[in-house]
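Here is the structure we will look at.
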Amino acid sequence: MTAAIEANQLRKTFPARRGEPIEAVAGISFSVAPGERLAYIGPNGAGKSTSIKMLTGILHPTAGDARVLGIVPWRGRRELAARIGTLFGQRSQLWFQLTPRQTYRLLARIYRIPAAEQDARIAELGELLDAGNLFDQPVRGLSLGQRMRCELVASMLHQPEVLFLDEPTIGLDLVAKARFRDLIVRINEERGTTILLTSHDVSDIEQVARRVIVINHGRLIYDDRVSRMRRALMGTKMVDVRFEQPPDTVEVDGARLVKLTGSGAKLEVDTAERPIRSVLDDLLDRYQVVDISVSDPPLEEIVSHIYARPL
Amino acid sequence: MSAYLGGWQVGFLRTIRSPGDLSVRVGFFAIILLVMSALWSAAVASNGGSIEGYTRAALLWYVFAAQVAVLGVRPRSVEEIGDEIGSGAVAVQMLRPVSVVGMRMSLELGEACARLIVAFAAGALLTWLFAGPPPSLPALALAVPAVLLGCAANIASQHAFGGVAFWLIDAKSSWFFYQKLVFLPGGMLIPLDLLPRGLELISLALPFATMAYVPGRIASGHPDPLLLLWQVAWLAVLTAMAAAVFAAGERRLQVTGG
Amino acid sequence: MSAVPATLRTALADGVANRHSFWVQVGLMVANDVTWVLFWVLFFDQIGTLRGWQMRDVIVLFSILLLSAGVALGLFANSRRIGQLAADGSLDETLTLPVSPLPHILSSRIDAANMGDLLFGPALFLVAGHPTPERTAVFLLGALAGSVVLIGFLVACGALTLFVGGRGEQADLGFNAILIFASYPLDLFGGATKVLLFTAVPAAFVTGLPARLVRNFDPASALLLAAVAVAFALLGWGLFTLGMRRYSSGSIWTR
């Protein structure tokens, strides 16, 4: 089966006005099968947007090559554009003063969707994405979450085989994010659309992707199924404790002391080793705890963990 | 008093330190001067050498002084004033222990002085090249304070106008109207003496004439000190109006809370 | 079939959506234009004729300018924003669509204020320009040619930012210079300036030549105007296409 997306030693170097040229993407290779859901994760500046721009034909690579649906993106940009969808989180395809439907009509012309099919497709997508009731109000009156659902409809109108999403959940509240992620999964499951989602939000990995690629400093440093990554790394939790009187040291089984300050401590817990609940119980039993909170480690930490592990 | 001087200095230095902006403005000024000189030269030529007593040289020096006096003022200042009042930024400025309008005016006057130094020199040179020497050197010398007073009156008037206009129309429209008032009844586009008698009289009764017409008239060879006095009188009135408008605005902000 | 007409219709709908705001801006621009007409009325009232030009001739000149500028800045408002779009990364959006980028960009935005010029120009001509069918046809075609020159000039300047970066403020300078010169009869200007106006600051082709054609049509000048318009269109298109190659190679450091 031919891959939906294929990247081979993609490289992108930007000349800088002063100093060294910037190597945004330093030789990335991967392959995505049709119908896959892939999260493309990395901290800011890692090279995610640059990668997507090369795969969608906006940027020409400095070296290496790629194919999307068998087409070289920067050579067959227009041909490819008719078969892929894009959704950039910080940009809008929707005309602000008009209704979403008015934008869809224009997009239908641009993508040469037959007039007879337009209304049916709009209605279907409205149902699939819980957005039908939004289509006839001006975009300026929609909340961000509502707008993003309408943007998804816009991206899917021409029935693309691959959908690229670049930081689509930026600015959404937690509920809207969850809802949006659910819709992406729906699109993939009902239409078989290949999904490539870039993000620096770890929850995007958990809820949407089956496979994750981590890049940092322009290099691919992890490429595996999410289930494996979860087991390997996302079992780590950070525990922040504040004490009534700071002890000399904090020792709890299954927890590693990361930092001890005047008022409290920061611990790292590998939940594969020991469930968080019993670590918390221990802490509360043995120390005079004033405040306690549990959080996910920041992405940078997961990434550096990944980076440090042998490949 | 030293606070206002400080404000003037800030405006002055800020403008001097942006040579890019300055050269763009002066560049446009040169183009407008070129075009208007061509226009009035042709006009005079088609009319037997003089129009209403203005020779070609006199007209071109009029155009120079009238244009440079208007150029000195920050464009769209009226719009900014309206916006600042609307956004309540004025309220923040009011917390300082000096007059808001006084500070703003000092600042803009400083900027104007910086622009004028360059524009006056460049423009006078160009006009000398196009039109020959000024009809009277003392007149050109007197045109310097006239241009400054014209600028000051323009700035004061914009503050009065901006302060009032804000309550009536939006800031952008107010700039539109204001600019036209300086162009026509102000005498920037046409010397007021060339207008039909009725319009001439109306224009002379309005303060805008002191902003472009007076510097132009003086530079064209009429170094009449009374003209300067006329500018000073209007400057005083306009400044008082501006202060009153801002004070009324302050009271209103204090009542409604901005 | 191209999607450009549909895009333009959508841009118009979007621009007019807030009707009150749209008409206020149009009104202000018309008021602005009326002031200039007033200036010319007062000027000619005093002066009489200007190197053979009567008031009506200058009014025709002005109405050509309004229509040309109205089309270039009002209808195809993105023509002067190419530098800005490149700097903002907005060109990327166009590249994700299966369309030719330049026509799509140009037809994606209207500007309310300059639409005022677009409406007032022809109105002015009809009222004060002695609109016989022949003169009206020449007026419309001449102004259209002028708008193509303007758009080509603007796109070319904007495309330069794809090579050297920046936001294209320099384009505004040259462009405003064209507008200033184009507001006045060509015969006012002497040798050196006139050469300039036929080349680097092509005001002669925006209003000068079209106005001459309305007064006295001659096929040779008409052909020249058409040829120059095509030349500017090609210049704009060519520079933009080359610029997009550079843009896609990321040679300007964009985030």
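A, B and C are the chain letters, set down in written order, and residue numbers restart from 1 in every chain.
We adopt the following convention: a residue touches a chain if its C-beta (ideal position, glycine included) is under 8 Å from a C-beta of that chain, and two chains touch if they have at least 3 such contacts.
Values in this document were obtained by computation on a predicted structure and should not be read as measured data.
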Open item on the list: Centre to centre, using CA atoms, which chain is the farthest one from chain A?
Closed with: B
TODO: Please find which chain has its CA centre nearest to the centre of all protein CA atoms in view.
DONE: C
- [ ] Please compute the C-alpha centroid of chain B, do the same for chain C, then give the distance between them in whole Å.
- [x] 30
Task: Separation of chain A from chain C, taking each centre as the mean of its C-alpha atoms, in whole Å - done: 44
Open item on the list: Report the inter-centroid distance (CA atoms only) between chain A and chain B in whole Å.
Closed with: 56
Task: Touching residues (chain side chain A, partner chain C) in the complex - done: 12, 14-17, 22, 53, 56-60, 74, 77-79, 81-82, 86, 88, 91, 93, 95-98, 102-103, 105-106, 109-111, 138
Task: chain C contact footprint on chain B (complex, rising order) - done: 24, 27-28, 31-32, 34-35, 38-39, 41-43, 45-47, 51-52, 172-173, 176-177, 180, 183-184, 189-190, 194-196, 199
Open item on the list: Per the contact definition, I'd like the list of chain C residues that touch chain A in the complex.
Closed with: 3, 6-7, 10, 13-15, 17-18, 89-90, 92-93, 95-100, 248-251, 253
Task: Residues of chain C defined as touching chain B within the complex - done: 24, 28, 31-32, 35, 38-39, 42-43, 45-51, 173, 176-177, 180-181, 184, 187-190, 193
